[in-house]
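Quick notes on the structure that follows.
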Amino acid sequence: MRIGFIGTGNMGEPMARNLIRAGYTLTVFNRTRERAERLRPDGARIAASPAEAARDAEVAVTMLADDHAVEEVAGAMLSTMQRDCIHMSCSTISVRLAKRLAEMHAAHGQGYVSATVVGRPEAAAARKLWVTAAGPEEQVERCRPIMEAIGRGISIAGTDAWKANLMKIAANFMIVSMLETFGEVFALLRKSGLDQGRFLGIINEVFDSPVYANYGRIVAEEKFEPAGFKLRLGMKDTNLVLASSSDFAVPMPLASLIRDRFLEAIAHGHGELDWAALAKVASLNAAVPPTAL
Amino acid sequence: MRIGFIGTGNMGEPMARNLIRAGYTLTVFNRTRERAERLRPDGARIAASPAEAARDAEVAVTMLADDHAVEEVAGAMLSTMQRDCIHMSCSTISVRLAKRLAEMHAAHGQGYVSATVVGRPEAAAARKLWVTAAGPEEQVERCRPIMEAIGRGISIAGTDAWKANLMKIAANFMIVSMLETFGEVFALLRKSGLDQGRFLGIINEVFDSPVYANYGRIVAEEKFEPAGFKLRLGMKDTNLVLASSSDFAVPMPLASLIRDRFLEAIAHGHGELDWAALAKVASLNAAVPPTAL
Amino acid sequence: MRIGFIGTGNMGEPMARNLIRAGYTLTVFNRTRERAERLRPDGARIAASPAEAARDAEVAVTMLADDHAVEEVAGAMLSTMQRDCIHMSCSTISVRLAKRLAEMHAAHGQGYVSATVVGRPEAAAARKLWVTAAGPEEQVERCRPIMEAIGRGISIAGTDAWKANLMKIAANFMIVSMLETFGEVFALLRKSGLDQGRFLGIINEVFDSPVYANYGRIVAEEKFEPAGFKLRLGMKDTNLVLASSSDFAVPMPLASLIRDRFLEAIAHGHGELDWAALAKVASLNAAVPPTAL
Amino acid sequence: MRIGFIGTGNMGEPMARNLIRAGYTLTVFNRTRERAERLRPDGARIAASPAEAARDAEVAVTMLADDHAVEEVAGAMLSTMQRDCIHMSCSTISVRLAKRLAEMHAAHGQGYVSATVVGRPEAAAARKLWVTAAGPEEQVERCRPIMEAIGRGISIAGTDAWKANLMKIAANFMIVSMLETFGEVFALLRKSGLDQGRFLGIINEVFDSPVYANYGRIVAEEKFEPAGFKLRLGMKDTNLVLASSSDFAVPMPLASLIRDRFLEAIAHGHGELDWAALAKVASLNAAVPPTAL
């Protein structure tokens, strides 16, 4: 099967590589061309534009930073994508855009599936992403082998594509809430002189979760570089939660609190750090000096 | 070894039973005597007062609701406890009270160990509590077999007893933050028409944590009775976090947010439900009707 | 001087009437034509479109609900407005749109002045609005007599038009913060059985402010209809604050809190009440029944 | 009439001086004796203890920092105060303590009136405090001339003394909410490059309130020394609001937000500044440098 793959950044690159390994023929595009070139040795063809990458594809996969990028790329692909070809969108985008993309592609006789992924770059490389997909059943089924090639499992959110996006946004929010919680707790432990390592020991026993183990260690060690997922993108995702919170008239005070924490982190110049650096804000506010585990 | 055990409520009763099974001789006291009587068939002797329960004990274990109860009981035991006898306090109490108890018992030549437990009544029955202990090393070691008889493992928080309390308070806060997060997310899912069961499937894959699995199910099913841990006690624990936050001058806006959510739940008459009912507040605010999974 | 006046709603109608009284020749347009017709007896000419209302005007005044409406109207006027004619925009719009309008009109050789107003419909009728204006000095001076005809005084925010908008947004935020404060305090007074009227007496002595006197009474009496300024528009204004807060990376937790309160009010069906009904939310959360003064 | 006056600090000293000017015979006590001595030239007798100051008084006035101080002093006065003598408590204390004091004095055949004051030291000196009083009618009437001698007017909160305290606490909360609002707005204005002085001009026109004028200027100029009312005392007052919020089960998220802001200010060493320095926190979080008007 021929796949067009647009967006080979931190996440896209290992995902594309796994698709090649699974036997797919890939034409890739990335705005910064050097990043796309890294996939040439693996056997990818490099396209000069999104439109070109999508031209002969049966499925065009996009893995981009935000609504703006996806909207631009989708617009460019619209006229070159074949009828019956499917746009499989893996990016974390808004519910509104997902709805619009589904309509737009349908109007051109093309398919649209949201196939969001949870996991950091290491998980992408290890084929351990969790995929949450939604869209018309037949289209989702056609994309299923592709999803299987990039992840360790798939959840189906429904037949409306946007539902996968909302579930992804909600799952992200659960992770970032955990980061805020770690931030406040560690500020308290540090200022009162408690041992963070021992506390993490308890947390690992109680929660027994790889997510807590991983982020707990990152926050305790304050190891926010290199960024697996940039803080300013985490802020973007929180704005997506808030947008849905507004659209559905659901007050979400914790999401609001996190928004302001992100703004504080960005105001202090931490936008390019890993989003786990959100936890720094609580220590900043408590005037506790950063400390290693 | 002879143990006095004061407080045989939801948590204390299964803990006491496990101690008897492990071969200890127990004299138990509970304010509502009928609850203590349930342990007679297991072999416990029933005392008429905390002072009597503590009289011949080598270790006096307390498992009570709050600072007030522990302070009252400790005051009553002080004169009857033998020198070198240890007060092993399992209740979730304030850092301030833990400090005071340590001093008070030391002044009477008695020992004091904080041995806080994380886990719900089912976990207590199954000997699966996680114990976080702190106190003078020799005293902690004397209590270790008792802790082993009630839990599946032990963390040592330090040689100052209060450190175990602060770690317990902090661990609790991590759980209640998860409840608030679930509450906001489920309100959003419900109001937008998404499937909660499918979402929990994703969360279980991503977090892979028994705590998320257990509470996620409780919140989705809104099964808040019978209460494993009462909401009004969860509020008390949140006030303990806030007290430490004040004492150490560490702003904790998420803890403050949760305080107000608890107050709202209590204002609406949910104080006797399981503390997971905290998650109801977000749905209440969003005017979404309660729904089953 | 010939003025085109677009938007003769709750605020626009009395403003337009005051302009006619001051001797200006008005051509008015309103989407719901009946509302525009009310000004015919005063001597206004009724236009069939914004483009027509702006055609012969020396100044085109807009007083509309939100960014969307202003952007649409401005687009329509752009080709009919004469060179050197000024668009004087009184609506509460975003900083971003104000910047764009200034550029757009300049590119067509037209002027643009932001002339935001603070005050409710009664104040508009009584010519008691406070005008905050900004834009190129010469243009502001040409509009000054018009501003004088609708208000009791004028502040100049700077030579960049958007600065008037940001000051207006900020001033609005100060009022809505007061509403939230009244809401929380009155919930506490009501639930504890204190006399709201006596409390208002104190507040009036301490603050000695017509704004506190007016809104304090509205909140105490829960007289939220007819709406002087609709709650859903108040929510829009709060979103404008939050947008600027994001753009300038300034955490504003109180603005975030108010956002969620507005969402709760809207979720409970209060969007068409006066925005002072924001204060209801605190009583709702505290489960206190509404009560009169 | 003979008055015992305990607590001649920033507020108490000018209040006591006004009582002497009004013709009362004062015996004063202050923990730091030098502060009491300042009143000797005005004609005050200096007592060596609260008990002595209260011995011959018809009314014993207390003006102290917090619950702890008032409770200690009241305990000391209890045995020396005559039957029928009234304790007139002007301090900002908790509802709980006010209830306890009323009972305690009643049990000794003594009276108790809460006569809280709103205003800063300058207002106290100028006899411009606003007094909110509550207690048994006859006792309040006996104290009325004293209140008239220290303030410009009196509100009666009810016949239960604690109601005056709750009204005072609530009025204080309204002021501190304004400070938080100013803080967030000024952070936004500063970071976006707007003129604070012009903005204050608008605020003064809109609110037309001496409180806004005064604090707006203090916050804009960042003139937080000397402290008219210390930030750490403002934190104490906010804790009183939160205590009542808990007692009556009224969620008050804005009060909670302010609590955390105070903690942040204290963590950064600003506890001894004027409480208006609360507004610094927003600028700190936004990483804007402090700037003068």
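In this document, chain identifiers A, B, C and D correspond to the written order of the chains, with residue numbering beginning at 1 in each.
By our rule, a contact is a pair of C-beta atoms (placed from the backbone, for glycine too) under 8 Å apart; a residue touches a chain by one contact, two chains touch by 3 or more.
The model shown is predicted, which means the values in this text are computed figures rather than measured ones.
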{"item": "Longest centre-to-centre distance from subunit C, chain (CA-based)", "value": "B"}
{"item": "Subunit D against subunit C, contact positions shared by both copies (same if over half, else different)", "value": "same"}
{"item": "Whole-Å separation of chain centres (CA-atom averages), subunit A against subunit D", "value": "52"}
{"item": "Distance from the mean Cα position of subunit D to that of subunit C, given in whole angstrom", "value": "37"}
{"item": "Rounded Å distance, subunit A centre to subunit C centre (Cα mean)", "value": "39"}
{"item": "Numbers and ranges of subunit C residues touching at least 2 other chains", "value": "245, 249-253, 257, 260, 263-264, 267, 285-287"}
{"item": "In the complex, subunit C residues that touch subunit B", "value": "253, 260, 263-264, 267-269, 285-287"}
{"item": "Subunit B-facing residues of subunit A, complex", "value": "95, 118, 130, 132, 153, 155-158, 163, 166-167, 170-171, 173-175, 177-178, 180-182, 184-185, 187-189, 191-192, 194-195, 198-199, 201-203, 205-212, 241, 244-245, 248-255, 257, 282, 285-288"}
{"item": "Residue ranges of subunit C touching subunit A (in the complex, touch as defined)", "value": "239, 245-246, 249-253, 256-257, 259-261, 263-264, 266-267"}
